[in-house]
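What follows is subunit A paired twice: with subunit B in the first complex and subunit C in the second.
Showing the complex of A and B:
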């Protein structure tokens, strides 16, 4: 239904403006125009008649370039909005996000959070916007590239007069006296790498048609890129986890199903040294002070043998020792472990001496492992120290009792019971950093602080990204499309003999100046006039 | 011709909608991927309690398991302990096992806590946080109810009352 048969005999789809074959104007409204609109070759790119079903309505919505542009504008604006305040992953994690936004940025911060802008880039509506751009890209391209392809492959050599005279480059000359002029033109076109089709003495010279596909190749690249982004959500394609690991600690590596374990042997921060690292650095170091040279975690990788369940001591087999530095990750089973963060000098052990307060005499040292203190430290000769209570992260709670805030030894405090031959019933002493309380009166003995042993903690990132090559491929195809469309022009020259005259018309999708220069070269020295730029002529007249 | 166009357009739109739908779904659920799913078998673990006795979850098939994670600094955990103890006394001979897991504190702190609240059910310490990782523990307290077939039938975050503890134990009683 509704197909349009042109007088040349070609049947065009409904909505066609210029006949795909001969170029005759089929749309009444176009006849009055001086020049035809050559976009998409006047092909039927979107038909309002097929607007009956909901599918067609959706299709037509997304096939509109106007809609596409608006989608991009809205996405850009909302992306900008997401940069006004820091996103939720970049704020301190120790207090609730709402609290942070409210205290830092006031009512605006609160509103920002409540509207969901704190996590804008993974909000459903933002993803929907991006997805709509993708859909629009696919449908717009399909709706244009197919008719364009049809029109370009169906075009015939002898185009309709109405088509020729409405081209921007157009001219009519008398027939040259000898056929040789045509042969010259033919050869010159050839030497300019035009592909020439000839029918009944009419000529169609065309080159670089592939340049017309550039935008669509570009869109294919974009869609592959979006697809790559989408794949990040597929389990197993993308991993981004954190692993905090103390010196001496062995931990299962996330995302390996507890098959691999990592032991942190040592964490090192190395600074540049003026003496050792050469004079080049001297001035910079004088100016900046301490400059870090390396952050390094010396680790040992283990693989689990046998079947153990969580909580059981796993049977580990050493795989290798490794050094993890910034940008030099350890690769395990497709995962890469990067050194990204650290914590220096976390309390690990504290040592005390049991001391007679008056004489200062000591009766032995006690070294307390702060992650798990022993219950009893027997010092011999009737002297012993018992740990009655232990608060690794000490505070007085709401009821005024000593309590702990967490299990990390940030501020350790102890209740010791000291026994000695003099005091076999024991004396109780509460010992915290810089603080000693003797709740049951004056003691004879005390726990004298001797020193601490600290450990460093490495913060590693466990990463895997199987989508990178897809993103790369998408980017490459994107660029190929850009180059293809930008650095070549699709040029066509029609030469037709009508009633003892020669009609010449030319078209290019861009760089009209280049086409005109080329035409001058081609028709120079032949008996045929160089066709004129109708737009320029008009401007001159007006 | 018209029909073919409709079919092609429908197919393309369906493919696009499926891709977009999957992405949205995956994005919305990515933070809530639970290590423990209701109706699925509970992740197995084995820990040694403060009396030196080893408890392996899979050994308790045929009994209901009341699995509770806690810490000494967690006030709601402390408040619900007496309720758990009371119900434990009532249900321990009815095939309900209570396993109580501290999130990795010192023996001293945990033993003091046991003595303070006179707890008689097995208490174990998850020293290297392996069990917590396997269960994806974040806020405390959290309680998992595991039936006689080893399946998780319920999880509860936050403080329990005497009534809920009783109700939970009835639910897993074989």
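Showing the complex of A and C:
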């Protein structure tokens, strides 16, 4: 490693532009410039120094802010495409996605689907973009923060003349007549919370150096956030389940090893009421019609007691009653249960009477629990009804045979076998809503429809997300870093006595206006002129 | 209470209008007299009126909050008005840092337009749907709006920079795009004029039409239909018959409004240009004659620096916390979420370009304008056209 020794005696790493200690220009190409480039203090960055091996090349590629900005811009532009049509998670789930896009949006929707834009944010190339941004964050930060740290901690008080006169804020004045002026300046700097270092009458006043670390702190936060996002794919870290639960029903909560059970006592949808909820809403309610006020599931949480063998009814102990509303999930053992969906008036029970078709005489009622029908209903006196087949969600399938679309009793249909003293061998009847078919000819008896009972169903999301605290931590660190970098400015003022003159130079990493005003306050009324902004002077002349 | 609230907003609006003229006057006064450091008497009056207006609008906000029982940021009218208020607040803050009356000449009109635009939407106090019933409504929405407003100051500064820096003696790409910005602003003005005008004469035309599901439906237009709905049939007698009809998938009424705004904006723009006999940006030039470009650039940058953390906190961090509570997940790629991310990425790129690539001055000014365009897109188009989970904001 060929290190560079400056005339001040400090040994700099290879590639250094400005001596870390005295600021002398070490790179010959920089000498002709009117102002030095103060970004990263002219320190030796790996990416600017080495370019031999493949690792150097990869490092240099990702360490470039230009590449980083391109990655941001490409991510930004491609994100736009995902908002043109709804993403796949927001379309109805009951038909194939392609069909939905095609019927809703025509050829454009089909193209959108075929290009994969319907699920853009999970596509491999989008994830690759995000990952590249992550890599760029790590390399960019490392490439800059280490040399910057070196340069800032090695800087000495008396800077090289060439360094001082190439600062944007710079001025030379005659030495003031009394030393008191220096003391005044010293005090004024102190009162503006500058940290002051003095060597042989030269002054380096510096404040808020920590704001220089802001960008790197926020990058660390972002990296933690991205890592947290990746952890979601580790099994056990993330749970997303749906729990449909009818009123009166008790179900094991998924992902609790059947340890916890939930009973839905009641599900309520409440609308705003003009009279009850105040007149202020009257106009809005007139215009919009019904506006929902509450979705609420009143539930009871149970915990299982002791061990049970499969099939055995578990013994449950009540933990608490709870109300689950939107924005108010129920927390159970690291899981959160959210009220997200519902179904009103789902068919629950259907009742029939066994009836003689001619006389109308009835021989007892049969009430069928649609989610769990009995096999046989014995009505006594030799009358009985057997459920031969049950189709909760009846349809004729492609072969024209009776079938069920789902386990949900949306359209229940039954094949009953009715036995009576007259017909001990039984009669078969197919009963669906508003339809009765007697496949084996005319029956003597029928199942006369009596009524239905309905229940509400609550749709809950069962969610566990163990990555949240990591994401929160990343977010917090990001916010600290971004505030640290944005709301404070790193300012330095150099005062040097050279041959009976006072040289003053100032630097800030941003907000020059603020620095200039501060300098006016510091040097006003002393025997020393306020240093000038060389850029401004040039603009005025040029 | 509701009436008082409405009146206070009206007062605020008038104050901003008056303050703008005073700020304009302060620039004129400066030009005549000798160069004075700091703001003159006109500017002092102007900032006082601005603060009065701001306090009045704060009064509107508080009284409406009391009347409704929730922070008035729950629909498009309320949110946009609040955004306008934040913009004025951010301007007052920046004014006290930099003492720059000319910033008022450009910022206040933007705030005025935003508030006027907001008033074009239904002003009823609407009850909160279950998803909105949370304290995070106040926290998330207000912080996000404040962040966007501070970022928007950089837009006003960017316009000032360009009006001064772009060479108006020849026509170029830069003059073209600067005029496009002026034209967009004029179109917003003409949208407000047209909507208010036809509302004043109670224009209403009903159409029977076939919606995208193939069902018969009714659509009521409040401005004459240049563009009719799909297989639309004018029911109201004596009203304007549309020239063409749209396919069912397109919302003809919104498209009609957009076309009205753009066309009348074009007319208004050319009327202005013929009256002024030069480009609009060129005729604004005298207002910015004595401005130090470096300072404008710094204000633009500073407002991005101040606004970026606030925006991140409100539009991303608080948004994620609330989304986790209300929607079970902190992030769901809803269009509004994506556009917040896009805004954030854009300003992140802005800062990196500035810090590392040295994009100062004019380049930075153009970027500030694109940034504001993205913010407006997220406010208007995403709410009204793209919709999604945040679509309740549209009604």
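The rule is short, and it goes like this: the second predicted complex is superposed on the first by the 374 of 542 C-alpha atoms of A that agree within 3 Å, B and C clash if a C-alpha of one lies under 4 Å from a C-alpha of the other, contacts with A are read in each partner's own complex, and residues count from 1 in each chain.
Quick note on the criterion: a residue touches a chain if its C-beta (ideal position, glycine included) is under 8 Å from a C-beta of that chain, and two chains touch if they have at least 3 such contacts.
Remember, it's a predicted structure, so these values are computed and weren't measured experimentally.
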item: Partner chain in contact with A:356 - subunit B first, subunit C second, else both or neither; value: neither
item: Subunit C versus subunit B, contacts on subunit A by residue; value: C
item: Subunit B versus subunit C as contact partner of A:124, first or second or both or neither; value: first
item: Contacts of A:389 with subunit B and subunit C, given as first, second, both or neither; value: first
item: Touched partner set for A:312, first subunit B, second subunit C, both or neither; value: first
item: Touched partner set for A:404, first subunit B, second subunit C, both or neither; value: first
item: Touching partner for A:138 - first (subunit B), second (subunit C), both, neither; value: first
item: Residues of subunit A defined as touching subunit B within the complex; value: 1, 50, 53, 55-56, 58-59, 122, 124, 127-128, 131, 134-135, 138-139, 142, 227, 230, 233-234, 249-252, 254, 258, 308-312, 371-373, 375, 387-393, 403-407
item: Subunit C residues touching subunit A - in the complex, by the definition given at the top; value: 2, 67-69, 98, 122, 124-127, 129-131, 133-134, 212, 249, 293-295, 298, 301-302, 305-306, 308-309, 312-313, 317, 320, 324-326, 328-330, 332-335, 338-339, 341-342, 345-346, 348-349, 352-353, 355-357, 382, 386, 388-389, 395
item: Subunit B residues touching subunit A - in the complex, by the definition given at the top; value: 1-2, 5-6, 9-10, 12-13, 16, 19-20, 22-24, 26-28, 30, 43-47, 56-58, 71-73, 103-109, 111-112, 124, 126-128, 130-131, 133-134
item: Touch list for subunit A against partner subunit C, complex; value: 39, 65-66, 68-69, 72-73, 75-76, 79-80, 82-84, 86-87, 89-90, 104-106, 121, 215, 240, 272, 277-278, 280-281, 283-285, 287-288, 291-295, 325-327, 329, 336, 338, 340, 461, 463, 465, 468, 471, 475, 478-479, 482-483, 486-487, 510-513, 535-536, 539
